[in-house]
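Take a look at the structures below.
Shared chain: chain A. Partners: chain B in the first complex, chain C in the second.
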Partner chain A sequence: MRLSPSDIQAILLTLKLAGVVTLILLVLATPLAWWLARTSSKIKGVISAVVALPLVLPPSVLGFYFLLAMGPNGPIGGLMHQLGWQALPFTFGGLVVASIIYSLPFMVQPLQNAFEAVDKNLLDAAASLGASVQHRFFSIAVPLSRAGFLTAIILTFVHTIGEFGVVLMIGGNIPGVTRVASVQIYDHVEALEYMQAHALSAVMLAFSFVVLLFIYTLRPAHKRSH
Partner chain B sequence: MQAEIPDHGVMGIYGPSGAGKSTLLAMMAGLVTPDTGQFSLENACLFNSAKGINIPAHQRQIGMVFQDSRLFPHLTVQDNLNYGFKLLAKEKRRLGFHQVVELLEIGQLLKQKPHQLSGGEKQRVALGRALLASPRLLLLDEPLASLDVRLKQQILPFLRRIKVETQIPMVYVSHAIDEILYLTPQIAMLEAGKILAVGNFNEVIHDERVLALAQSLGLENVLHSTISEQHAMLGYSIATVGNQRIVMPPIDAQIGSMVSVSIAASNIALSTHQIEGISIQNQLVGVVSSIQTVGSRMLVSVDIGAELIVEVTNKALVDLKIAVGTQVYCLIKAQSIHPISMHL
Partner chain C sequence: MQRISVFLKKYNQVLLGILLAVLSSESFAEKINIAAAADLKFAMDEIVTQFKKANPADDVEVIYGSSGKIFTQIQNQAPYDLYFSADISYPEKLEAAGLTAGPTKPYAFGRIVLWSPKTQLDATQLRLEDLTRAEIKRIAIANPKHAPYGKRAEEALRSKKLWDSVEPKLVYGENIAQTAQFVHTGNAQVGIIALSLALSDALSKQGNYWLIPDTLHSPLKQGFVITKRAEANQAAKKFSNYMASTEARKIMVRYGFTLPDEAGQ
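Then we have the complex of A and B:
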């Protein structure tokens, strides 16, 4: 039971995709989660529903619409074509964009929960001490939401690693470009290479278990220390 | 409502729960936006609804101390104290870090986290944190309300120290009149979102509505006295107010030190002559300076060298033929005298 070079390549590509998606989502989802946690706007419900959509939709549905939107006749694809940019489907960039949408709720929701738990009174106290909105956010809200950030980052990373349907629809199966571990496993099974599929699956199973174990055992202890 | 606050010293805001005291403070601090009105500090407008001016809280330099200390739980005491201090340009800092730490005696706490502190320690740190941000005005929103009597007695002298040593103008909100009178005679009476009266307590108290309000909340006399004798073995202390000797429960303070005490108006009885063979220790002679009716009760002001308000029934006044100018003895049990602050 050994991993072939193409298995290693698929694992590295998967980690790269998950890493890039997690970083981008951290930047994009943090202000969105903050807004959702603090706003009393009427459109909060609509935005929350849109953010949560990827949780319930079959990934192939998402992938299908991405394909349409990013294709040469789609609104995004058409615009990119006019700008002279490369079309996104069947590229690593396309995978990143699709994965960002697909994993959005996994970043937003833990952050939103954590931000909602931040006592507004502490932020008021910080304001009376001269702290600007940004300073209050980074010096009070972020450190008090540490556990939420940890959960959000880990869940997003693991969830991106585990995606399959979206990848297959939008990325195809190009070695080194879009062939991530989950697709590689599918290929192995298709080719009846069960030992190879076994090896790669075992790696993913072990990795996911260790990460979840980390979340469920270490995090409560983290909280108690407060 | 309209009111002016002196640019030094303490202004007390007194009123029942729900009178709008905390909301008023939050508006001054910029944490709550009023619908209409205006607010200026040191001649600079901070809020004016007509002109659309609303300076955000963090630019007002108005410090606030809350009933729940609101220390940042993830920061040590030292980092809490430094929070506003570090945000301030060096030349704008009016108080030094060590000066404040010494003033509030919190040097041993610097390395601790807020959850390790007692209620009284938390409030001292919260006071220090607000002071280190060099506020132009310090708002105190019932800072002692969640503390027990013993802790109140320990914190109040620090507030007095802050008043004397920092010269920062303060607004002190409380529903405990004795706390306010210990710090300042300057008081604004608030009821149902309206200011009933502003001024020196001894003057505004003669306003019928103010008196009625104060009486309904439990009218307390506050006397500033000097400890003159200690009788620890016999279990009492003696303090003087003017030339009156007052027997008090034992107070742990040195002879010659100042002690403020509170006496509820309802715990004082009147007599037209000195009584012998009575267990009540204090019979303070004075002259009736005014009499006012509040509901079924009469409030009699007696000048004993300081003003003492005594609550009696109308029948008692009639029976004893007490009127303005009558010489009376105020009978006070030693046990109904409560020290507000032990150490000064």
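Then we have the complex of A and C:
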């Protein structure tokens, strides 16, 4: 069982997609999770529900709406066309945008749980000593939420790697651009190349197992140290 | 025990009658699952409707997908009774592996066309050479790695020596129906799709096509088989025979398929 150059290209592309999506989501989801953890706003329920939607929606629903919205006749696609930008379907950027939405709850929810667990008295005490909002966030909330950040980052990363249905619908299967590992495996199976499908699947299986093992063996240890 | 044997003796004619009735109704009303290549989507729907009219007792279910995927599924005991492939080599492989009940039957030759929605381009005026034009940015074809229509699209582009210049614009559909959908939604401007899909109601209203000469690619010879599991399924046999009927042939021709005995091969 050997990986072909196109398999390696697919793996690298998958890692690049997961990496870019995780970084962007870390920046976007942290303030959102912080707000959800602290707010008593009436729209909190609505926002929470929207964030959780990708957890329950079939990827075909997401893929279908992405394709319509980002297509030339859709609201996003029309706007991008007016701005003279390239249409998103069948591009790496399109996969990034779709994956951000697809993986959003995997970043927001662990962060939100971690932020909710931060002792409010500590934050209040720091505030009374004159610490700014940013200062309080970065020197109290972030260090106390280390485990939450780690879980959120790893889950987002592996969940993006595991993406298939959405990519199949909006990717267009272009080598090096949108042909990620999961789609490459599907193609191998369709072309009856079972050995190549095995090789790539085994890599995915081993990688996912190691990552999850890391999370599950690391997290209890961290809790004990509290 | 004695009572039961007396009961059996007394009613044995009745029981036999019930048993026969159950068995014969089974053989009259059977369920068949058909797995068909995506290019047959519209034609097969109509054929099945006609077949059901003629055989109201039989229950027919059709699943559409790519020929390669269905092949793999049947190898792994998928519950399909008939397999209509867009490439005759797949059912022939099943036959060679002893997974079929009877020989592979050719049923049609498919054709490929250039298709574009009217809002994008007038495909009747398009030729393969036009695909290199700068304003055409995205061209959809089925994945040549495993989709029969994709393979022929690649062959046609290669025989016109256009592959290298067109390849950077290509997006690949998982099967020919998804390829058509990429163009239908406007996400690709042009597609190389099956004539049978271009002639469907949904697509013919929205766009035009240009028939790609079949001298540019090897024939899209399509075949079907009855699978091993349906060996004793009378309805499967009936459906197989129905494909040779005037009604079924008319429908196939209307969707642009060339029938094997008319192809001169």
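Just so we're on the same page, the second predicted complex is superposed on the first by the 226 of 226 C-alpha atoms of A that agree within 3 Å, B and C clash if a C-alpha of one lies under 4 Å from a C-alpha of the other, contacts with A are read in each partner's own complex, and residues count from 1 in each chain.
Here is the rule we go by: a residue touches a chain if its C-beta (ideal position, glycine included) is under 8 Å from a C-beta of that chain, and two chains touch if they have at least 3 such contacts.
As the structure is a computational prediction, the values presented were derived from the model and not from experiment.
Contact-wise, after the overlay, does A:I140 reach chain B, chain C, both or neither (first, second, both, neither)?
A:I140: touches chain B, not chain C.
Quick one: is A:G162 in contact with chain B, with chain C, with both, or with neither? Answer first, second, both or neither.
Once the two structures are laid over each other on A, A:G162 reaches no partner at all.
I'd like to know which partner A:G93 touches here: chain B for first, chain C for second, both or neither.
neither
Considering only the touch criterion stated at the top, classify A:E190 as touching first (chain B), second (chain C), both, or neither.
Only chain C; A:E190 stays clear of chain B.
If you stack the two complexes on chain A, which partner ends up touching A:P72: first (chain B), second (chain C), both, or neither?
In the superposition, A:P72 contacts chain C only.
What residues on chain A does chain C touch that chain B touches too?
Touching chain B and chain C on chain A: no residues.
Going by the contact rule at the top, pick out the chain C residues touching chain A in the complex.
66, 68-69, 71-72, 138, 140, 143, 145-147, 170-174, 182, 185-188
For the complex, give me every residue of chain A touching chain B.
By the definition above, chain A touches chain B via 119, 121-122, 124-133, 135-136, 139-140, 143-144, 226.
For the complex, give me every residue of chain A touching chain C.
67-68, 70-73, 87, 89-90, 168, 172-174, 186-187, 189-192
What does chain B use to touch chain A in their complex?
Those in contact with chain A are residues 26, 29-31, 56-64, 66, 68, 70, 72-74, 83-84, 87-88, 115, 129-130, 133.
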